[in-house]
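When the chains are written out, they are named A, B, C and D in that same order, and each has its own residue count from 1.
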Amino acid sequence: MAPLWMYLAVAAALFSLGVFGVLARRNAVAVLMSVELMLNAVNINLVAFWRYSETGTDLLLNGYAFTAFVLIVAAAEAAVGLAIIITVYRNRRSVIPEEARALKG
Amino acid sequence: MDELCTGLCSVLVEAGADAGLAQFLSLLVGVLLVSGVPLITVILLIWIERKVAARIQDRIGPNRVGPVGLLQTIADMIKLLSKEDITPAAADRVLYNAAPLVSFASVVLIWAVIPFTPFHYGVDLEIGALYFVAIASFGALAIMVAGWASNNKYALLGAFRVVSLLVSYEVPLVFALLLPVLLAGSMSLLDIVNAQTGMWFVALSPLAFVIFYISSQAETGRAPFDLIEAESELVAGFNIEYSGMKFGMFFAAEFLHVFTNGILMALLFFGGWMGPLYYESPLIAFAWLGAKGGLIYFTTLWLRNTVPRLRIDQIMAFNWKFLVPLSIANVILISLALKIMQELGWAPRDLMGASFGQMLPTTFILLVINGFMILYLLGMMRKRGREARRESQIAQASLAQAAAD
Amino acid sequence: MNVLNEWAFIGIFAVMAPVFPALPIVIAWLFRPRKPNALKSSTYECGVETIGDTWVQFRVQYYIYGLIFLVFDVEMVFLFPWAVAYNEMSLFGFVAGFLFIFLLTDALFYAWKKNALDWK
Amino acid sequence: MELNAITIGFVVFTIFTLGGGIGVVTTRNLFQGTIWLMVSLFGVAGYFVLLSAPFLAAVQVLVYIGAIAILITFAVMLTRSVTRIKERYIRILPSFIVSLALFLILLFGVTVPIFSGHLPESAPEYVASTRDLGAALVDENGYVVPFLLASVLLTAAMIGAIFIARDESA
């Protein structure tokens, strides 16, 4: 069995890749994909901690169940985010987040 | 392949092989044995499909190559092998070549969890039922990739239509799949079959089977849902730019998928290998599974060659406004009734050991519920049909009126 | 077989599965004629060069179907464990699952009423 | 770590996950970016299998490759002029420094407990099954409130997204 820190290191690398994508990419769809990468890095961590935690007699399901909830949140985020991108594109012909200033005060 | 593995493993270890290597080799042999079944059947399936289609259309079908045309597929393969392979200049080469491989592999991979007999299967995954739905989603992605990588408007449009059809019909499919899982209390296909010792699941909820049947017909892109080959509308759909053996792979994947769905339905709803004398010999069990799967497969061919193609708006409306609500209602009503019966002690909590007699009251009540649902649906459909006919009559009358004026 | 052995089987299967269709393609690559020309490898469309981008604008309805499918697909994350545990479940647990399905049916009903399910 | 199936799996899935991730942030073509994302998330599903959570792996494939990939490609096609953006990146250097610094900090945080012996080396034998998860999800003392809240969230997301994306003019 691979030791815990290896999973954590991979998750850290994946999360950093996601952060880079969110900060540096110009295209809103690419930014959204980078957010998905970050959420999945979190999921790796959750499952790895769940697997390596001492359960004792009582069943510990927190990490397992929480991963399922993160999955749901990721899906909801993708659905709404992409819908917003499509609408902004339809109205402004642009997919660059910096150019969508309609909601700015 | 459980027993075979341990057997082969120990032989290899005794012969002096490294334990890990022995395990790997025995797993590899298992993989080759299990995957051999679909790979051999697919060659036969193409012949069966053509023969059945020909008989339904009052033709003879392939009858020149070999006895009753059995070797026709081999001849076709040789033809396809010698065909020039054309890759469009503007195509994305890597994705273009990967798509047919993924498409075929996604169907073959389903066979890893199919139990052929009580003792012979690739693996018995704890999540078997979910596994084959997940693997099938690679097929949809492969079609999307094929359409995009061809860099052709027709191909992309075809891929869009097909993928939206596939994802739409996956909703009722999964809801129908929920019922066998719920009844058996397990996602392992072996457990699902064993839970049908007392009563086949098709008797507990025929509606779930019908929904699964219709949506798997759509998932494989067969008539009346054959938008994949809507020649008159989309030239050929997503595989328009493919030629030679790569086209052949999409073709073979579709044929194999239809038969795989037949086997899956036999496992999920018709008790798999259950039948008289199945416990006598694995061969009899295997024959039962093949017979049931083959019969369901034959009805899908029959359906394919009988009904006309629907328009895409009709297909979508049928799915979202009829099949999805129906499948949700079916899950809710059946699970509600079963839970109440379990609380009252009329229904067994564990179907695994339930006998035929124990299952009778459950079956009766669930069947009555499904019967009422079907009666209601038939009434509704008759009403809708009458309305539609009246509307078309009015429309025709007004047309005639306009022509007279 | 223990659990990971099962998955080793799936892993080997997953590696082998694309090899089976790749074999005939490679064999075909050895035997097939190769006479490419510009006309053959042009995009198949009406016999003239394609005008404009292949990525034509698509209708938003595709996205809406995909969206509704996504929501129902994600729902399965919870419904499958619920179905597996169904037989040992108390009435309370059943009602919770019932509510879960019911709430999502609401969303479908909304989409229906807003004509988001029509192919426009 | 000796050479065994788990080690091989770990290495393969690491290549998938990180290679796919690099593909996502570097590719110019968004459709290829989606495929890279799927490669990466498939690697994550592989990790879930290695960590004895096959149910989560299947769900990961079902949700991401089966649904979110399709949704993203639909969105990419709907906003087609995306390929015409000339420069892929903005503020590339600061972003790179920030993410590299973040990675180093995280790596530091991950590796320090090894030397002090705080991280467990081996995992417990018994793992919870899907049935346990299902029972806990609808248990009064379990996750029944988040379970129903998730349903509300999904309903809200679906209604909201349909409301936003619907073409009023059509």
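Here is the rule we use: a residue touches a chain if its C-beta (ideal position, glycine included) is under 8 Å from a C-beta of that chain, and two chains touch if they have at least 3 such contacts.
Source: prediction; values computed, not measured.
Asker: Name the most central chain, where centre means the mean of Cα atoms.
Answerer: Centre-most chain by C-alpha means: C.
Asker: Counting C-beta pairs in contact, does A-C beat C-D or the other way around?
Answerer: Pair with more contacting C-beta pairs, A-C versus C-D: C-D.
Asker: Using Cα averages as centroids, what's the distance between subunit A and subunit C in whole Å?
Answerer: 21
Asker: Cα centroid separation between subunit B and subunit C, in whole Å?
Answerer: 14
Asker: Go ahead and note the Å separation of the Cα centroids belonging to subunit A and subunit D.
Answerer: 6
Asker: Subunit D: which residues touch two or more other chains?
Answerer: Within subunit D, residues 5-6, 50, 52, 54-55, 59, 62-63, 66-68, 70-71, 74-75, 77-78, 130-133, 137, 150, 154, 157-158, 161-162, 165, 167 contact more than one other chain.
Asker: Give me the residue numbers in subunit B that touch at least two other chains, ranges are fine.
Answerer: 24, 125-126, 130, 156, 160, 167, 170, 185-187 - these are the residues of subunit B that touch more than one other chain.
Asker: Could you list which residues of subunit A touch at least two other chains?
Answerer: Within subunit A, residues 68, 71-72, 75-76, 78-79, 82-83, 86, 90 contact more than one other chain.
Asker: Between which chains is there touch?
Answerer: Once each pair is checked, the touching ones are A-C, A-D, B-C, B-D, C-D.
Asker: So in the complex, the part of subunit A that touches subunit C is made up of which residues?
Answerer: 68, 71-72, 75-76, 78-79, 82-83, 86, 90
Asker: Within their complex, state which residues of subunit A touch subunit D.
Answerer: Interface residues on the subunit A side: 1-10, 12-21, 23-27, 29-30, 32-34, 36-37, 40, 43-44, 47-48, 50-55, 59-61, 64-65, 67-69, 71-76, 78-80, 82-87, 89-90, 93, 95-96, 98.
Asker: Quick one: which bits of subunit B touch subunit D in the complex? Just the residue numbers, please.
Answerer: Per the stated touch rule, the residues are 20, 24, 92, 95, 125-127, 130-131, 133-135, 137-138, 140-141, 144-145, 148, 156, 160, 163, 167, 170, 185-187.
Asker: Looking at the complex, which residues from subunit D come into contact with subunit B?
Answerer: Touching subunit B: residues 3-5, 31-32, 35, 38, 54-55, 58-59, 61-62, 65-67, 69-70, 73-74, 77, 129-131 of subunit D.
Asker: In their shared complex, at which residues does subunit C touch subunit B?
Answerer: Residues in contact with subunit B: 1, 3, 5-6, 8-10, 12-14, 16-18, 20-22, 24-25, 27-29, 31-36, 38, 40-45, 50, 54-56, 58, 62, 65-66, 68-69, 72-73, 76, 79-80, 83-89, 91, 94, 97-98, 101-102, 105, 108, 111-112, 117-119.
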